[in-house]
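Each of the next two complexes has subunit A plus one other chain: subunit B in the first, subunit C in the second.
Moving on to the complex of A and B:
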């Protein structure tokens, strides 16, 4: 089990993405890096920024940081630990999460709305990482 | 009369006698039914009967606003056009954005009641409490864009707002739309045909007066807070950047977006016609309604090629699906051109697309041939015969004369009535009921037939929940408990259609209640508003029963009881009887007759309606 939102988790996530044929196919035209942000809350004393650089169906770089100035990604999606957990456990569709204000997203909505299949496959990738959440 | 939140007056126009007068708004009804289509239904309940000929002079046409229209409440610039529908024979209403609703209020009126039939074509001009009928003989035969421009030119005022019909309305196409503010459409249920039958080419309006508010300062603060919330909402951002058609890719993935006359589960090329593709290709600007932060309207331009268009309105979601994926057309320029033609002729794109897709299906099945189509070869994915059919429908030329009657009439003509994709005579919108139990139930029970707006369960079932009113998250295929959610959602949407607020936007629910109180000087809470919504929904059902509605029409065509083998529906088929049984229990309606029970109507303060339905109260 790998603790969520750590460097180790990010590395494992990158590995799963890069082995996924389904993701490679669905995201073959995608260009754009993300901060997936776990908001501060219980067990999360300060926000964690999970940087993931996605490019043409592959992940080029992934790491976790608490310093948001490290990168300047084109997309920033933030939510509570509980909601990230629900996404990873496939109890919450990320688009639904956005529509219901459980997540906030900043970036080019045109690109996002064109990439719903890729988003779905990205979530499928997270489920393949054996994840432990802070209790 | 000093009604806060309301202008307190209806403009009553008799086209036969050319009499124009004012009538006080019924304040008691306003309190009970708020405004918009709720208040319109109450007015029309007393004026309609089974003998009312929808295209006759006795069918009153009502343009109605609501108490938040034209105020600073965000996304509250809409109005609704209501009458007995020539397409379905039951309650007809069509809600439209733009600016004419606010102008009507600024001119001093909450609504316009239009009766009779003009001897020669006319248009109605309203300006600051004055109204007159003017000749429209020179405009008859003109398209909707030209008509709007000609009237503005004639009146010498670019700020005048015009709602008009095109050739389709003049020719009494059963699904003719009313067009306004360039390409905004009141598309559904044939209100354009009602205008055409009355010889009313257009309504033009300009006003500059204030809207009376009970507590202006509190209202302004509430509106400002609501606007901040709306601006921060992801839906606003999505609509601004991609328009309603931005949801096409997602809806296609979920199996909501229909393909090939509802017979194919997926259409990979759908990604070429959505709002994202539009933004990357032909989009040149955006447009919006009064007081709206999203600006979901698209402006497109096609510089060259067979579908060349100068800058004009781009297609919204229903249009990219009905004139795109439903016909397997993946050429966005062609879809935009078809949408433009429908706007210019004044045709509802949903009914037009479904009817044309039906004849493609019948053609493919060998039920109709080139002889019937006037020589047109109908092929899935080929836009050119579709362009011809749109023109033929609007002008009722040849084969188009039959298509102008709608999908059900076409299917019945060829002896395959069950093949028409409709409920109560209204063609299916672009959300396949096999992709969501909520969509299926809302189509079945909507007061105007297959309708996606009286309860937009296609959004609720993909996550747009409303916890404040008990519309909770639920699997889209789950049937147990869905009736409760649909009924509550319908009640709330009845309130939205009364206020009137745009249902695409997430204007805060409590904020709307608070703004209504501040506007009208009322002190109602959310649950009372939900009861008002329930009252309105029951009133529309009662009116439909009065107009001859029967439970036999409350069914999905067999086409929708066949699973789709692939795609996002996952093979789901709604259990219609189960859903309806549960729904009738929740509603307190009689399953045999479809009537609300007397006890139920009494609880809602509708004793007079119960008595009229022959119920003992």
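Moving on to the complex of A and C:
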């Protein structure tokens, strides 16, 4: 089991993405990096920024940081640890999470709204990382 | 958590007279040239005049309205400065009105960027009334906006909860003059909303009853409205059913028939209701091979044979196909008039479009790329789903 929102988790996530044929196919034209942000809360003393650089169906770089100035990604999606956990455990549809504003997304909405399949496959990749969450 | 969104709904014979109760200064009616020529726009203007309101008209909405049309309409709004907008027509006019309204309020936004995630802050300049003249789209009570990106040959599913109409006026008399083909096409759109809204993985206690009641009404009254357009009871029940179905799927989601229908419409310009109605039995058959439960519930509600879930789903598919036959609808893409070579040539685009519709990922069974291609091919040949 790998603790969520750590460098080790980011590396494992990158590995799963790069092994996924389904993601590679769905995101073959995608260009854009993300900060997936775990908001501060219980067990999370300060926000954690998971940087994931997605490029043409592959992940070029992934790591965790508490310093948001390290990168300037084109997309930023933030939510509480509880909601990230619910997505990874497939208990919360991320699109519903966005529609109910349990997640906030900043970036080029036109681009992201046209990449439903890639987003779905990316979420599928998270479920393949054997994840443990801070209790 | 989830939301249930609805405008105030005024319905039944004479509902259009509610326009005389509206308080405001100036309204812009968004419609099309046919409805203007038929006098519908004039009728709405007369009601508004009784409310002491001035009115103007933008009647250049085409079927499957383009992003460019929306920009032009928003400019017309900016010039006229209405405090009410009236979307009058089928889904194209009402969706165009919603999008133009967003741009009128927020000129900094591009139409293709209207999304449900960001706060728009509407209703600073105007409010929206929707008046359907068909019985199918449900756009009068949904916040969804479907626009065509003509350059990319793709229909864009846009919208924000904020762009839901304030008032929907469902006047059954407005659909009396619809020709049989349009009655069938739009009615099948409503049926697809009802069935997909019930089967969607986002279905909920608030949407379920609406979808079931709409389904019952459509099976009973659509053939009557198709056969005899002057059947007032059938017209009224279909008008109500379309709005109920809109409320149902608008608060859950549509499914794969919509994804494939939008994809087809974006490339081959098949009328929306005809396309989704055609794909409906195929996509139910496909989903029911893994998840027949929700379809069986619908079958039981309709008193169709459903001793088992599989039998129930099969009964529902048969009932849909029988309805399509009674409405003299095409049962396959070949019957729609699409050449096999053309289909094969545009297959990658069709798949890409369908895969990237949000309605695909809420279908009870999500197809792989290969399965989606096979679904298109089976729908071309009219072949029963066996995978």
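In this text, the second predicted complex is superposed on the first by the 135 of 135 C-alpha atoms of A that agree within 3 Å, B and C clash if a C-alpha of one lies under 4 Å from a C-alpha of the other, contacts with A are read in each partner's own complex, and residues count from 1 in each chain.
Everything that follows uses one rule, which is that contacts are C-beta pairs under 8 Å (C-beta built on N, C-alpha and C of every residue); 3 or more make two chains touch, one makes a residue touch a chain.
Only a predicted model underlies this, so the values are computations on that prediction, with no experimental measurement involved.
In the model built by aligning both structures on subunit A, subunit B clashes with subunit C.
In the superposed model, A:127 lies in contact with neither subunit B nor subunit C. By the document's definition of touching, of the two partners only subunit B reaches A:97; subunit C does not. In the superposition on chain A, A:105 makes contact with both subunit B and subunit C.
Look at A:113: by the touch rule set out above, it reaches both subunit B and subunit C. In the superposition on chain A, A:46 contacts neither subunit B nor subunit C. Of the two partner chains placed around the shared chain by superposition, neither subunit B nor subunit C is touched by A:66. In the three-chain superposition, subunit C clashes with subunit B only at 492-500, the remaining stretches of 132-140, 492-500 or 528-536 being clear. Of the residues of subunit A, those at positions 93, 95-96, 98-101, 104-105, 109-110, 113-117, 120 touch subunit B in one of the two structures and subunit C in the other.
Partner subunit A is touched in their complex by these residues of subunit C: 1-3, 110, 112-113, 115-118, 156-158, 161, 201-202, 355-358, 360-362, 366, 368-369. On the subunit A side of its complex with subunit C, the touching residues are 22, 25-26, 93, 95-96, 98-102, 104-105, 109-110, 113-117, 120. Interface residues of subunit B facing subunit A in the complex, by the touch rule stated above, are 233-235, 237-238, 240-242, 246-247, 249-250, 253, 271, 274-277, 279-280, 459, 462-465, 473. By the touch criterion stated above, subunit A contacts subunit B in their complex at residues 93, 95-101, 104-105, 108-111, 113-117, 120.
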